[in-house]
Amino acid sequence: MNYISASPALLPARAGVGFKPEHFGAIAADQQPLGFFEVHAENYMGAGGVPHAQLRFLRERYALSLHGVGLSIGSPEPLDRDHLARLRRLCALYQPESFSEHLAWSSHGGVYFNDLLPLPYTEETLAVVAAHVDETQTALGRRILIENPATYVRFSQSDIPETEFLTELTQRTGCGLLLDLNNVFVSARNHGESALGYLASFPLIAVGEIHLAGFFDASEAGAPLLIDSHGAQVADEVISLFEWTIEQAGPLPTLIEWDNDVPDWPLLLAEAMKAQDRLRHAERGYARRLDRRAL
Amino acid sequence: MTSVMSGVAGDFAAALRDPLVTPPAMLSAHAAPAASTRFCVYRNNVAVSLIGALEARFPATRRLVGDEFFRAMARLYIKAQPPRSPLMMRYGDELPGFIARFEPAAEIVYLADIARLEAARTRAYHAADAEPLELSSLAALDPENFARLRLAPHPSLEIVESAFPIVTIWASCTGEAPLTAVEDWRCETALVARPRLEVEVRRAPPGAAAFLEALARGMSFGEAADSAAARAKDFDLALIIASLIGGGLLVPADGVKQMETIHGYLA
Amino acid sequence: MSANTSLTAAALAGAFAAALSLIASQASAGPAAEQPGKDKCYGVSLKGHNDCAAGAGTSCAGTSKVDYDGGAWKYVAKGACDTIKTPHGTGSLMPTKS
C-alpha cells in the first residue's frame, strides 16, 4: 500500500501514545480521541505480517510518528547505509507526519548495544553528528527531529552544554528537536542541575514534539540516580516542566511513552488525556496572549 | 573517524560487553554515585534488554530449562554472539546453534531443536505476506494438468526436522497441549508458517519435507511427488496435499502475485 | 514433463480428491488448528523488541561478574524438561556425555 501525499503534514498539537501491539484490540474497537500514534521504526522492518497489518490500520486513521532507535547518529563511525535505506523505505511506504531519532549512539565496531549511549559534547563531535543528521535528512528527503537524551554519566572532554550543542545542531542542519521532558528531569537530577535552567536555554522554537514518560528512582542515600525506564506514570515534576514548556511555546504534539510494565489501554489513554487537557488549557492561554499582543 | 570520539566509543563499548573490563577513565560524575556505578546503568540496560529479547523469542526453550538456567545461558550467548544489527527481531537466530554446542545443555538432547522451531516462528511472524492457494481453486483444473502445476512453499514456511518429537514437546511447553511425559517418542518434522496472520506449527506427514524441498527447487507438482515418493517411506500424497494446501502452506509459483486464472500457474 | 513422471494423472487426481475430503473432515495434522483469518484483531501480536526504555536498576543482570570468568558452570536445568520423560529417563534420550 502507498501513502504518497504531495506535502507531508505535521503532527497535530495534541496528545499521542506510543503504540504497543498488546493494545491493538482495544485501539481498533473505537476511534480513539488521540492526535497521533508513534511507533519504533525498527519493529516494522520485517517484510509483512501482523506488524504491518496493524501499522496500516493506524496509518489509515491517525497521524503517525516514526521514532528510530537504532541509527546510531551519535557514533563516530559512518552511518549504516543499509539501515538508512530501510528507514527510507519505511518513510516512503507510510509517509509519517514525523521522523525522529536520538542524540546518542548504539552501535560500535559492528556490534549493536540496544541502548541509547551518551557522547561527549565537543566541536569535533558536533561536526560528526551534524554530518550524520545531514546525511539522514538527505536520504529520507525530509526534516527530522533529534531527541535530547537521558544520561547517567558525563565525559571530562565535554566542553559544550547539551542545549548549546542541540541549538547549534539545528542551525547547522535545519533539523528540528524532540524535547523529552522526562529525559530533561532525569539528566538534571543525575547531574545535580536545574531542569528549568536547562529548559530556559533550550531552543523551544525548534521543538516539533514533546515526550513524556515515567522514570525509576534508583537513588541510594546521598546518591541520587534516576533511570529513564518508561515504566510508570509521568511524575508530577515532569508535568510541571510540561506546563511551563507549553505555556512558553504554545501547544505541541505530546507523546506518552510507556514501554515497560505496560498498563492496560484505559490507563494509558487516561494518561494521554491528562496531557490533552493541559494542551487545551495552554492553547487558550497562548491565544489570549497573542490577542493582547495584536492589540 | 575522529580521535576523541572513537576512543570514547571504543572504550565504552568494550566495558559494556564485559563486566571484567574497567569502565572508561574519562567518565565524570559531579557527586555520588561514582561514575563507575553510573556506568553500570548502561551495562545493565544492554544486558536486560538483550536477555529480555531472547526470553520473549524462546519461551518454550526457557520453560524447558527454567528461568535461572536460561538467563545464565543467555548471558554467555550475548557475550559470544552480540547483536550485529539494530533489528532486534532477528536477534537470537544463532541461539539454536549455540545451544547445540553448549555442554551444560547436552543432556536435554532436544533443546537445540526446540530453539530452532522457536526461531523459525519469529521469522515466519515477520515474513512476506502471500495469499495461500485454496484447494477449491484447483477444482476447475483438468486432472491431466495436475502434474504440471507450478506451486511453491509459502514465503513464511520453514521446515524444522528433528530426531525428537519436537512439535509435541513444543506444544506442551507453550500450553497448546498438556505438559506430560511424551508417550510416543519418535522423530517429528515441524512445518512452521504464517499463511495469513497467525503463525502455525504443524507436524509434517512423511515425505512432506522432501516434497516441499522439491517444489522449492522449481520442480512441478508431479516431479516433486515422484522425487518425494522415492525418498520417503510411508509416503501418502493425499495426506501431504491435505496438510500443505489445507494448512495454507503453498502459493502459486509466481509468488505473491494473485492468480488471474487457473492457467496462470501452469508450467 | 508429465510424461516423465511415474505417478499417473489418475493417481494425482485421486490424491487431490482424497485430500479434499481429508480437509473437509478436518483431518490435517498439527497442534495449532486455528482457522486462518478468524481474528479480526490482526492475529496474535508479538512484542516489538526495539524500544528506547532503560532497564531499571544498576546491579542485576548487567553487572554481575559471575559466568564471565570462565569458571565452572553452576546452573542446573530446572524446568519442564523434568516432566518430559524420554525413553531413557528424564530429559535425555542418549547416555549423558561425561
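Read from first to last, the chains carry the letters A, B and C; within each, the first residue is number 1.
The definition used in the following text is that a residue touches a chain if its C-beta (ideal position, glycine included) is under 8 Å from a C-beta of that chain, and two chains touch if they have at least 3 such contacts.
As the structure is a computational prediction, the values presented were derived from the model and not from experiment.
J.: What is the identifier of the chain with the smallest separation between its Cα mean and the overall Cα mean?
T.: Chain nearest the overall C-alpha centroid, as shown: B.
J.: Computing the C-alpha centre of each chain, which chain sits at the greatest distance from chain C?
T.: Chain A.
J.: Out of A-B and B-C, which chain pair has the most contact pairs?
T.: Most contacts of the two pairs: B-C.
J.: When the centre of a chain is set as the mean of its C-alpha atoms, what distance in Å lies between chain A and chain C?
T.: Distance between chain centres, rounded to whole Å: 37 Å.
J.: Based only on mean CA positions, could you tell me how far chain A sits from chain B in angstrom?
T.: 32
J.: How many Å are there between the centre of chain B and the centre of chain C, using C-alpha atoms for each centre?
T.: Computed from C-alpha means, the inter-chain centre distance equals 8 Å.
J.: Which residues belonging to chain C are in contact with no fewer than two other chains?
T.: In chain C, the residues touching two or more other chains are 42-44, 46-50, 54-55, 57-58.
J.: Residues of chain B that touch two or more other chains: which are they?
T.: 37-38, 41, 45-46, 49, 53, 86-89, 125, 197
J.: Out of chain A, which residues touch more than one other chain, so two or more?
T.: Those would be 42-43, 49-51, 53, 69-70, 114-115, 218, 225, 227.
J.: Write out the stretch or stretches of chain A touching chain C in their complex.
T.: Contacts found on chain A: 20-22, 24-25, 28, 39-44, 49-51, 53-54, 57, 67, 69-70, 102, 114-116, 150, 213, 216, 218, 225, 227-231, 257, 259-260.
J.: Can you list the residues on chain C that touch chain A in the complex?
T.: 40-58
J.: Which residues, counting only chain C, touch chain B once they are in their complex?
T.: For chain C paired with chain B, touching residues are 1-2, 4-7, 9-16, 18-20, 22-23, 27-32, 34, 36-37, 39, 42-44, 46-50, 54-55, 57-65, 67-69, 73, 75-81, 83-87, 91-94, 96-97.
J.: What residues of chain B sit close enough to touch chain C in their complex?
T.: It is residues 18-20, 37-38, 40-41, 43-49, 51-53, 56-57, 62-73, 75-76, 79, 86-89, 91, 103-111, 122, 125, 132, 135, 138, 143-144, 146-148, 164, 167-169, 171-173, 176-177, 179-182, 185, 191, 195-205, 220-223, 225-226, 229, 237-243, 245-248, 267 of chain B that touch chain C.
J.: What does chain B use to touch chain A in their complex?
T.: 1-6, 8-10, 12-13, 16-17, 26-33, 35, 37-39, 41-42, 45-46, 49-50, 53, 82-89, 124-129, 155-156, 194, 197
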